[in-house]
Structure formats: C-alpha cells, structure tokens
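As structure tokens, here come the structures.
What follows is a pair of complexes built around chain A, which joins chain B in one and chain C in the other.
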Partner chain A sequence: MNLSIYSDDKTWLHSLDPRTKLFGTTIVFIVCLCFNHPLHTGAIALCMFALALSAGAQKAIWKLRYIILMLFLFSAMLWPFFTSGKTIVWTWKSLKLTRESILYGLAMGFRLSTFVITGLILMATTKNEEITDGLIKMKIPYPLAFAFSTALRLVPTFVKAGATIVQAQVSRGLDLESRNIISRFGKFIPLAVPMFISAIRYTNLLAMALESRGFSPDMQRTFFYEPTMTKRDWIILYFLAALLFISLYMRIILNMGVVMPGRI
Partner chain B sequence: MDIVVSIKSLAFTYQNAKEPSIRDINGEIGDGEYLMIMGHGGAGKSTLCCAMNGIVPRFYNGEYSGNVFIAGKQTTQYNPSDMAKRVGLVLQDFEAQLFSTNVELEIAFGLENIGLPSVEINRRIDRYLDLIGLNGMRKVDIYTLSGGQKQRLAIGSVIAMEPNVVVMDEPTTDLDPVGRQGVLSLAGLLRDGKRTLVMVDNEPDAAVGADKLWLMKDGEMTAQGVPGDYLKDEKLLVSCGVMPLQTISLFRRMNWQGDPLTVEAALELIQKNNLVQYRDRIIWTDSNVFSGNNFIIEAKDLGYRYPGASQDVLKDINFGIKRGEFVAILGQNGSGKTTLAKHFNRLLKPTSGELLVNGKQTTQYRQNELARLIGYVFQNPDNQIFASTVKEEVGFGLKVLGENAKVIEKNVAEALAVTGLEGYENMSPFVLSKGVRQRVAVASVLSVKPEAIILDEPTTGLDYQHQRGSLDMLKRLNKKGHTVVIITHSMWIAEEYADRCIVMKDGEIISDGKTRAVFADEDCLVRASLVPSPIVRLSNRLGTKAMNVDDMVKELSDESIHLQ
Partner chain C sequence: MRYAFLMWNNTRMIVLVAVSAAIYAAALAAFKTAIPLIPGITEVRVAGIFLMTFGFLFGPAGAWGLGIGNVIGDLLGGTLGPASIAGFFGNFLLGYLPYTMWLTFFPFAETSYEWNAKNPRSWSAYISINVISSFACAVTIGLMVDALGFVPYAVVSRIIAINNIIGNFLGVILLIAVYDVTKNQLGLLWIDVMRVKPVGLSVRGICGAWIIAIGSIAGICAGFIPGLPTTAIIWSSLMLIILGSLIL
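Now for the complex of A and B:
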C-alpha cells in the first residue's frame, strides 16, 4: 500500500518555489494562531480546504481523514472542560460548560485540522528533495535540512514496518482485540522491541547507502532541480505578508475573532 | 593490466566480537575485471565489501589491520565523498537504498553530492537509465517499480557516479529469477563496458560469467582463481556453503566426461557423446489436485483490494489445499503471493469471495483460534523476535494463548528439538546468526502446534547448507502431518521439496498442479518471471521425470542397465 503523500501533478502549487511554500505554510500557521473564534478559524480551514482541492491534495487528505476527524472531535469535546468562560450553559457537580469554552473547543478543532491540511498541501505538492533544496537556499545548514526532509520521508516507511510487526505478532496469538488497558500495556513490549530494532537496522543501512552516494554533511553540493523564485512567487509572498499583517492587526489592535481573550 | 583494488593482509574484528570477522585477506583486482565472491553465511563477505569502500572501519568500530588500496591510495585516507567517486557500494536491501521521490532524482542524488552541474547530471541520467533499462521512466514514483527494477535503479544510481569499482553485496538475494537475471545481465553489460565489478552472490550460476572467483570460509580466503576451476569442485563449494552446479554434479555422478557449467553446454556434450537415449517429451497431465473435500485451506472466488486502492491485488482466486500437502507458492515480486498467504490466518480479510479454514470462513474465527490452526512465519525473523531468551521467545505464543506452564515447557522443548535448537534455550535470540534466528521464528510458531504452517521466503539470506537444513526440517514436519505452505523465489527448493506448486502473476493464479507438471511448462513459468533450475531444464529437454540430481542419476542409470 502506498503511504506516501506526494502526488505527482502539475498544479500551480506544484510549480511554486519550495521556499514560497515553506514560508506560506508558516504564515498560515501563524494566522491560525491569531484567532480563537470558530467562525474565523473555520473560515481559514475552509479556505485551506479549497486550496487543497485546487492543488489536488484531496487524496492525501482522504488518506488521513480519520486522523483529521479525530483531532477535530477530541479538541471540540475536550477543550470545553479545561477552559472556563462567563456564560454557563450546563453544570453537573464540579463540571461546567460555558458558551465561550464550547466555541473555543470548536475553534481549536478547526485550527488543528487546518494545521494538518496545510502540512498535507505542502507535502502533496512539494517533493521531499525540493523541501531540502528550499531549506538549504534559506540558509539552513545542509545536515539539518536533510535530517528534516528525511524524517518526513521515513514516516511512511516506519508505519509500514510497524504494520508488519503487528501482523507478525498477531499471527503468534497476540490478542490486540481485548479492551483491557493494563493487559494491553503488557502487549507493548513484543511490538516495541522489534520496531525499535528494525528502525535502528533501517537507519543504519540508510546511512551506509547515503555514504556510498557521497553524502557528507560539510560538502558543497549542486542542485538538479534548482529552485528559482518567479514573479508569481513574489506576488504570493507579498499577498501572504499582507494577510499576516492584517491578521495581527485584527487580533492585537481591533481584538477581533476572539472568544477567550488572553488565550492564543 | 592496471591494479585497481589491492588488499594486503586485511583483518577486522567488530567491537565486542570474540573472533575476527575477516583475517589475512590478500588479493588484487585488475582494471575492468569482474570478480565474484562466494562463501557461507558469516564468512566475512559483507565485511570485505565494506572494507573496499572504507565503511569498515570508518562506520563500524573494531580492530582493523592491514591495508586496502583503491587506485593506489589507502581507503582510510579518503573522505566519504571522494571515496564514493572511487568505489560504489550496492546493498542487498534495495528498499533502504532508495530514498528519493522519483527515478531521476534517485540517480541525481549522488551526482549532486559530488557537485556536478545540472546539465551533466541530466546527461548522466539519460545515459544510465538507458543502461539499466529504465529509460522513459524518469518521473516514475519509485514505490511503483518492481523489485528487479528497484535493484537495477540502486545499481544505476551508484554507477552514474562513475566509480572505478562497483561493489555489489548480494544484489539478487531478494529478487525473483527474472529480476535476478536482469541484474546479472546488467553486470555483464558493465563488464563489457570495462568497469571493474565485485559481486557477492551465493548461486553458482552467477559465477559462470565472472573473470575471477574468490571463495571465503570462516573469515579466510580459501580459493582465488578462474571460476571454471573451482566450480567443478563440488566438495570445495559445499564446504564454503555454496550450492554446487547441478550440471557438474550430474556429470560427475554419471561418470560422464566434461565439465558443463551451463545447461546449454551440458546438452551439447550429451548430444555429442550420445550419452542419453532419445525419448519423447512427457506430456504431464494434471492428476486431479482439485478433487476431494478434505481441504484445510480453501479459497472461493477470492478477491482483495487494499483500502483506498483503485485496483484489485488478488482476482478470482480458487484453490484448496489438502491436509498434509507441501505446497509452494511461486511468482514474481509483487504478484500477490504474500497478500494471498496473509488471508490464511486472517491478517487480511477478502474483499470479495471467501477464504475457508477447515470449512469455516476465517472471519468467523476468533484471532487466537486461528493462531492455533494456522502458523505464519514472516520473511524477516526480526519482525517478531523480542524476548530475552530463546525459550521465552518460543513459548510466547503459548503464553498469550493462555496455556499453563507445564504445557508450555513441553511444547517449547518439542519445538526446539524439531528445529535443532536444543542447547540454545537460555541464549538471547539477538546474538544468534540470521539462520538460527530464522529457526527460532519457526520454532516459536511450531510450539503452538498449528495444523498448517505458512512460511514467507524461509530461505532468503541463508546459505546453501542452512537452506537445506531449514527445508529438511519442514519436510520432517510435513511427514508428521503438518500442512506446509512456503512462498519462495528459489526454484530448486520448490522443485525438490514441494508436492504441489501454485504460480501467481498479477494477482491471479496462472498455474496450479503437481510440481513436476508445473515445471514442465516453462513458457508459463517465464510469464510469471520464473526459470526452472538447470537440472529441471535439462530434464525437460531430455524428457526425463527427475527434478533433482539424485533422481536424475537413478533414472538414467536404470535406463543404461536396461539398454545393456
């Protein structure tokens, strides 16, 4: 099963410089953090979803639909119990729910989903190598840039290895269907040890393979896909910078889009 | 001839190891030579390969003595990126060597590292994709390549850096026969291109095309010379854990003159010297494999599609495996063998049709009931080994199934006895060799006493003796009444051990029958990227029944008595 997120396509987002996309992602993250009203974060989430559609990233989102859904549900359901507002709607013993805290929970749900969707758009439209190249061009040291993009790349590999290990142990009778949390913890070791060992073995091989391809952290390398900033990249960056400025202005000066003042 | 690689009294002991991994290694490789290194598991072949590109001792700690010179300069004096321009290393595990998004970027990675301008990178991508037979696949996602293509890409990405020497450590071990042929013929092309090539492989037919052969045993060099000289020496090969050439074995045993290294050479000699009486080709009719109803595993119109995928990986699968059969499932990488086998103990559930175990759908069993009926040994023993002693590891299945200590003790002892692991009880499984770990994995499944045992590639990475050892053990289990199903790329293993073969291609069964009948239809096998072993190809051409050297000798000797 193919677990990789990148979709080989030629949408306008694919053709942007990786730097633009990396900056863009960061700006969207910050903009998300500016508001904690569900209408605002919801609007942002909707915008990002529309962007995902235009970038052909819906496949990636579909792959992770359960994770996005879980993140949304958990934050929408749990936040209300850990925050307090003024307008009480329901109480039971020491538990109480307020209108503000419910709205805040929804806002957080939208915010987390937006984070995941934005990250997926980046990964669905940008090759791993482009991310490395972009980071290097942004003057991030090569070892760091490479480590970052390799970490992203290894996620599907390790997920796959983990699935195989679970299957191998289930074949021997390991019962993962039972509900008991304590007995589940005991089942952790037969899974964790082989996973740990396979991860070490894999990274060891990878390091050898990298060395035999001339990888060394302190070298001067060239770029096969030389990232270049076009006029369009600059326009988008100016637009995003303006968006960031407006968002900060709205939050800090106008105090808009807030249900819980004093919270991010 | 210029000497490219020169090794002088090389020895290396890994940190914490008692014995040196290699010692007293001397040798020279000339420019443009094709060297084959063979030896048993743990003979030090990989260590020697790694010493050639300096990964030993740069990457591994240990005690290093002696020298390796590449183009006149010591490996220890090169820095990694210079070294990469001198010696390219290809590893067995192609998955771990490929880390780029698409084919062209994989080739480009090394070239970027050595600082080539992108115009030159582009030129080399064209040139080397052409050489490795992947032209027109520049933008293809690496994930979608077949095993053979992946390994050729790994080789291509190394040779694109145009190193003086290319070292390949068991590049064909994980491949199906046709993928393997592809890699071997690529090696031939490289040799014709005057590139120096060092290859580790444990199948003797690979050595036929080489200029030189080094045989290793227990970390030492046993023989160095022209392959033809040593490939004739059955005893030497077996003592180094290498399977002898079947054609040579046959000629020796029949007291025939000549040392044919290939099937073609053998046939020519047989015809020239009129060694075998001409006979009609046997038409193998299939003797009702499908009849009966005592099936332990049965598939009915089974289809499977991975969640979110757009195509079925298994289509319209129908078969029944009878109690007590020894079945081999064959087919190329990605043909659906493992996906099919994973249905047997419900690791996967059919998306259409059904899979029955003892007449009942797998979905109607509890997982731990199935674990008692069907044992499944994964390809890599390291996917399941976790305990601190062999005894605990082998008893794990029984423990989670809720057996009492007495039963565990008894079954573990039996499983250890049957797998030849007595004496290992209190050792840590992690310090054992690959072959022994594989046996621990088998024992840990056997201890539960399943009616059927499924093994995915049980012999990958084992040398000849260990392969035989494992298979003899499975045969004994089979005689005791266990149903055995193996998935394998190794043709001689299927030929010698399996009663029945199921051949898969693109998720469908294209042949299913008695092993002899399946192997008589070479055209069908080729479609599934399979090639019978030399003795069976010979047998098919001579019209004999035999599928191994022993039977062939018997069959032909009976005939000569008859003739007199």
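Now for the complex of A and C:
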C-alpha cells in the first residue's frame, strides 16, 4: 500500500523552500475564506487547479478525484438547506431554497475543492522530511517536530505490520469482506490487538536507542539539511502577502465577493 | 493541563506521542476512503477504537498522539486543510479527557487510576467519559468546520459524536486486552512513565470535569431544541469546554 502523495519531479514548486510552501498554503487558505460568492471561489479554484498542473500534482488530484467531486456535490447540495436568504426560489412545507443559499452552497463547494487541491499541491511537491525541517525552522518546539517526523516515518512500518497481521488472519479463515459496516468494524478489533502490541513494543526500544545516543528534548542542535530562503522564495511570499491584503480589502472595505454577509 | 506540557521533557513520553500518532494515522489512512460519511470530512472511523485506550493508557502522550495522528492522517489521505486544525484540537480532547476525568468526574469517576473490568466503577467512568469526550470533540470540530463553511454544524457534530461513541464502545475490548501488557509487562502506563499522581478527587477537578460535561452536552443538544439561540449556545459550550480543560 503506497501512502505517499509526493511526486518526484523537478518543477519550480518542488525547488521552493518548505517554509515558503507552508506559508503559501496558509495564505491561500485565508484568501479562500475571504469570499463566499461562487464566482470568486470558483476563480480561486481554477487558479489552484492550474497551479497543480504546473506542479505536476495531477496524479495526486486524479487519485482523489472522487473525494473532490463528492465534496463539491455534497457541499453544494447540503448548504442551501441550512442557510437562508431573501430571494425565495422554491418552498415545500418547512423547506425553503433561496437564490443566496444556492449560490452560497456552490461557493462552499468550490472552497472545499480548493482546500483539498491546495493541500495536495503541498504534499505532491514537498517531502515529509522537508515539512519537518520547515516546521523546525518556523520555531515549532523541537520535541514536537521530532514526534511529528518520527510518527511520519513509523506510519508505513505500522501499515506494513498491519497488512501482515490481516493476511495471517485471513489465511486462517477470517472474512473481512462480507456483512454490514458494524460487523466489519467489529472484526477489526481482534486485528488491532496484535497491531497495538507489536507497535507499542517499539516504544521502549526507541526510547533506549535515543537515550543511549544522548537525546535530550531541550538541547540545542545543528542539522545536516538546512533549508535556505532564496530571492525567488521572498518574491513569492511578497506576492502572496499582497494577494492576501487585496482579498481582505475587497472583503472588509469594499464588501466584494459576498453572497451571505453574516458568514465567513 | 500541567502534565500535557511537562511530558515534553520525558523522552519515553515523546516516543509514546510518536508511536500513538503513527498507529492512529496508519489506521486512519488505511481506512480513509473505505466507508466515507461526508467525503473529505469524516468517514466510518475504524481508528476510533484507539481513542479511549490511548487517552487512558498514555495520558498526555496519547492526547498529543491523537491530535498529531489526525493531522498526519489528513496529510496522507490528501485532505489537509484548515479543518485539520479543528481535527487536531478535537482529537486532542478525545485523548485528554479520559485521563483527566478518570478520577474527577464525580459521581461516575473511578477511585484509583486503573482499569478493572470486574469493577462497575471502571465501567461507569469509561462509559460516561466516552460520551462526554465524544460530545466535546464533536462540538469543537463541528463549530470550527461550520464557521469555515465546510459542513453545517447540525450534520457534522452528530456524525462525529456517534462515530466516536461507537468507536469507543468497541474500543473497550482493546483496552481490556492490552491494559495488563502495557502496564505490567511494558511499564508504559503514563503515570508510571512520568512518575506522577494524576489529579484526584478535588473541588477544582470536579468543577473542571463538570464544566466540560455541561458544555459538551449543551453543545450537542442545542440543535435539537427549537427556538433557542443555537449559535450563541454552541459558542458558549466551546468556551466552557476550553475553560474546563484548562482547569483540569
């Protein structure tokens, strides 16, 4: 089972500093939250899709195409029934659909799709180690970053161990495919016990290995890989900061890109 | 809340954070697209069986592990976004409340920090904390996800609450199976690793536990009673959950 979304290309986004990509992703998320009109959120979604193509993230998007599509449809169909507006389009008993709520639903569908695509661009262009290095450089406490990176490295090991346990039980006659959801849910528990025990045995070994090498959570350290910000990183960050400023100005001062004023 | 920060000075607890985050993330990523309920937001969470077990056995390490594990699950599942922040805090609570409320949630609480399947007090503590922590998580995530325009609170909060409650109920089998091995063979029960006594039955502890309980129940019930200012109640509930968590 391949868990990685990273695509091993050499695009301009791959070569950026991880901090630029982390900050950039955060800024895009905030820009998305500035508008709730489908024209604006749709335009942002289109831009991010184009960026994904230029970053070689199309494989990752294709892999999650059903999630993105379902997310869009689900949001576009659900929100109109949970928000209200002035222009009534359709009523039936207590149910009411308004033009504003339908537009809001569409806008939220685009917004959610943009979030997923943006996250995918980050994951497709940044290695797990680079994310950890970026977090450390952004002054995240080292023990927390260490736990995060160790967990990232252990996930494939545990997935592999889990798959071995599942295969061993299936070869003994365990049927994981048939019956309903609850029943299948329940069948997972006997598998979780050996998975848990085998994983937790790592703890003492890993802690001893760390302590024997002089690991101390609050010690100052140096790093083999030191990410450096280049001129290009700064240009991109200034551009994104300007974009954020313009978006906030449009929303707060000009009240543009808003179909439902009371909501984000 | 003290131990949630003190634990970062203990190597074994840091490793426990990493291991519990990895187990949780592995289970989340493996079953992410198996049975989606709201695509990209929530699914039938097989990993839900680990919640109470991690929180009770590993204490603060379990809480941080669940929070980080949820973010890694989003990262590997391709659904990383602003909702992951909500997921972090919600899942942190799912691990934080079991160990902080185990001795403080009077009159349902246990009298000592141990799991005994033959003792009704262990069951009453387990069941009551399961419901409260699931509600607290649902209110936290539901409110943030609604505010971000992802999914309406009324829909997502109930799905998360039910999902977690079922996961925790089934997870008691896991706790029964691994408690003795973890405590006595591996010596990894958090109070033994950190060599501390958890917050016992005190006025402060009881107040904290009940503030969280009131906030959680009010937050979930707000949507069921017509005519109430739902948004105001839900925000107040979140404030109570945060306040109670800080007190504990």
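By our rule, the second predicted complex is superposed on the first by the 182 of 264 C-alpha atoms of A that agree within 3 Å, B and C clash if a C-alpha of one lies under 4 Å from a C-alpha of the other, contacts with A are read in each partner's own complex, and residues count from 1 in each chain.
The rule is short, and it goes like this: a residue touches a chain if its C-beta (ideal position, glycine included) is under 8 Å from a C-beta of that chain, and two chains touch if they have at least 3 such contacts.
Being a predicted model, the structure only gives us computed values, none of them experimental.
Peer 1: Classify the contacts of A:Glu211 with the two partner chains as first (chain B alone), second (chain C alone), both, or neither.
Peer 2: After superposing on A, A:Glu211 lies in contact with both chain B and chain C.
Peer 1: If we overlay the two complexes on their shared chain A, which of chain B and chain C does A:Thr150 touch? Say first, second, both or neither.
Peer 2: both
Peer 1: Taking the superposition on A as described, I'd like to know which of chain B and chain C A:Tyr202 touches: first, second, both or neither.
Peer 2: both
Peer 1: Taking the superposition on A as described, I'd like to know which of chain B and chain C A:Leu64 touches: first, second, both or neither.
Peer 2: In the superposition, A:Leu64 touches chain C alone.
Peer 1: What is the contact status of A:Ile189 with respect to chain B (first) and chain C (second): first, second, both, or neither?
Peer 2: In the superposition, A:Ile189 contacts both chain B and chain C.
Peer 1: May I ask you to decide whether A:Val116 touches chain B, chain C, both, or neither, giving the answer as first, second, both or neither?
Peer 2: second
Peer 1: Applying the touch criterion given at the start, work out whether A:Ile5 contacts chain B, chain C, both or neither, answering first, second, both or neither.
Peer 2: second
Peer 1: In the three-chain superposition, say which chain, chain B or chain C, touches more residues of chain A.
Peer 2: More residues of chain A are touched by C.
Peer 1: Do chain B and chain C touch any of the same residues on chain A, and if so, which?
Peer 2: The answer is residues 1, 4, 63, 150, 157, 189, 192-193, 197, 201-202, 206-207, 210-211, 215-216 of chain A.
Peer 1: Touching chain B in the complex: which residues of chain A?
Peer 2: Touching chain B from chain A are residues 1-2, 4, 6, 8, 62-63, 127-129, 150, 153, 157, 161, 164-165, 167-175, 177, 189-194, 197-198, 201-202, 205-216, 219-226.
Peer 1: Which residues of chain B touch chain A in their complex?
Peer 2: Residue positions touching the partner: 50, 53, 55, 58-59, 79-81, 83-85, 87-91, 93, 95-97, 99-102, 104-105, 108-118, 121-122, 139, 141, 143-144, 157-158, 161, 306-309, 342, 345, 347, 366-368, 371-372, 375-376, 378, 380, 382-387, 396-398, 400-401, 430, 444-445, 448.
Peer 1: Which chain A residues qualify as touching chain C in the complex?
Peer 2: 1, 3-5, 29, 33, 36, 60, 63-64, 66-68, 70-71, 74-75, 78-79, 82, 107-108, 111-112, 115-116, 118-120, 122-123, 141, 143-144, 146-148, 150-152, 154-155, 157-159, 162, 181-182, 185-186, 188-189, 192-193, 195-197, 199-204, 206-207, 210-211, 215-218, 263-264
Peer 1: Can you check the complex and tell me which residues of chain C touch chain A?
Peer 2: Checking each residue of chain C against chain A gives 8-12, 14-19, 21-23, 25-27, 29-30, 33, 35-36, 38-41, 44, 46, 49-50, 53, 64-65, 68-69, 72, 74-76, 78-83, 147-152, 154-155, 166, 170-171, 173-174, 177-178, 181-182, 186-188.
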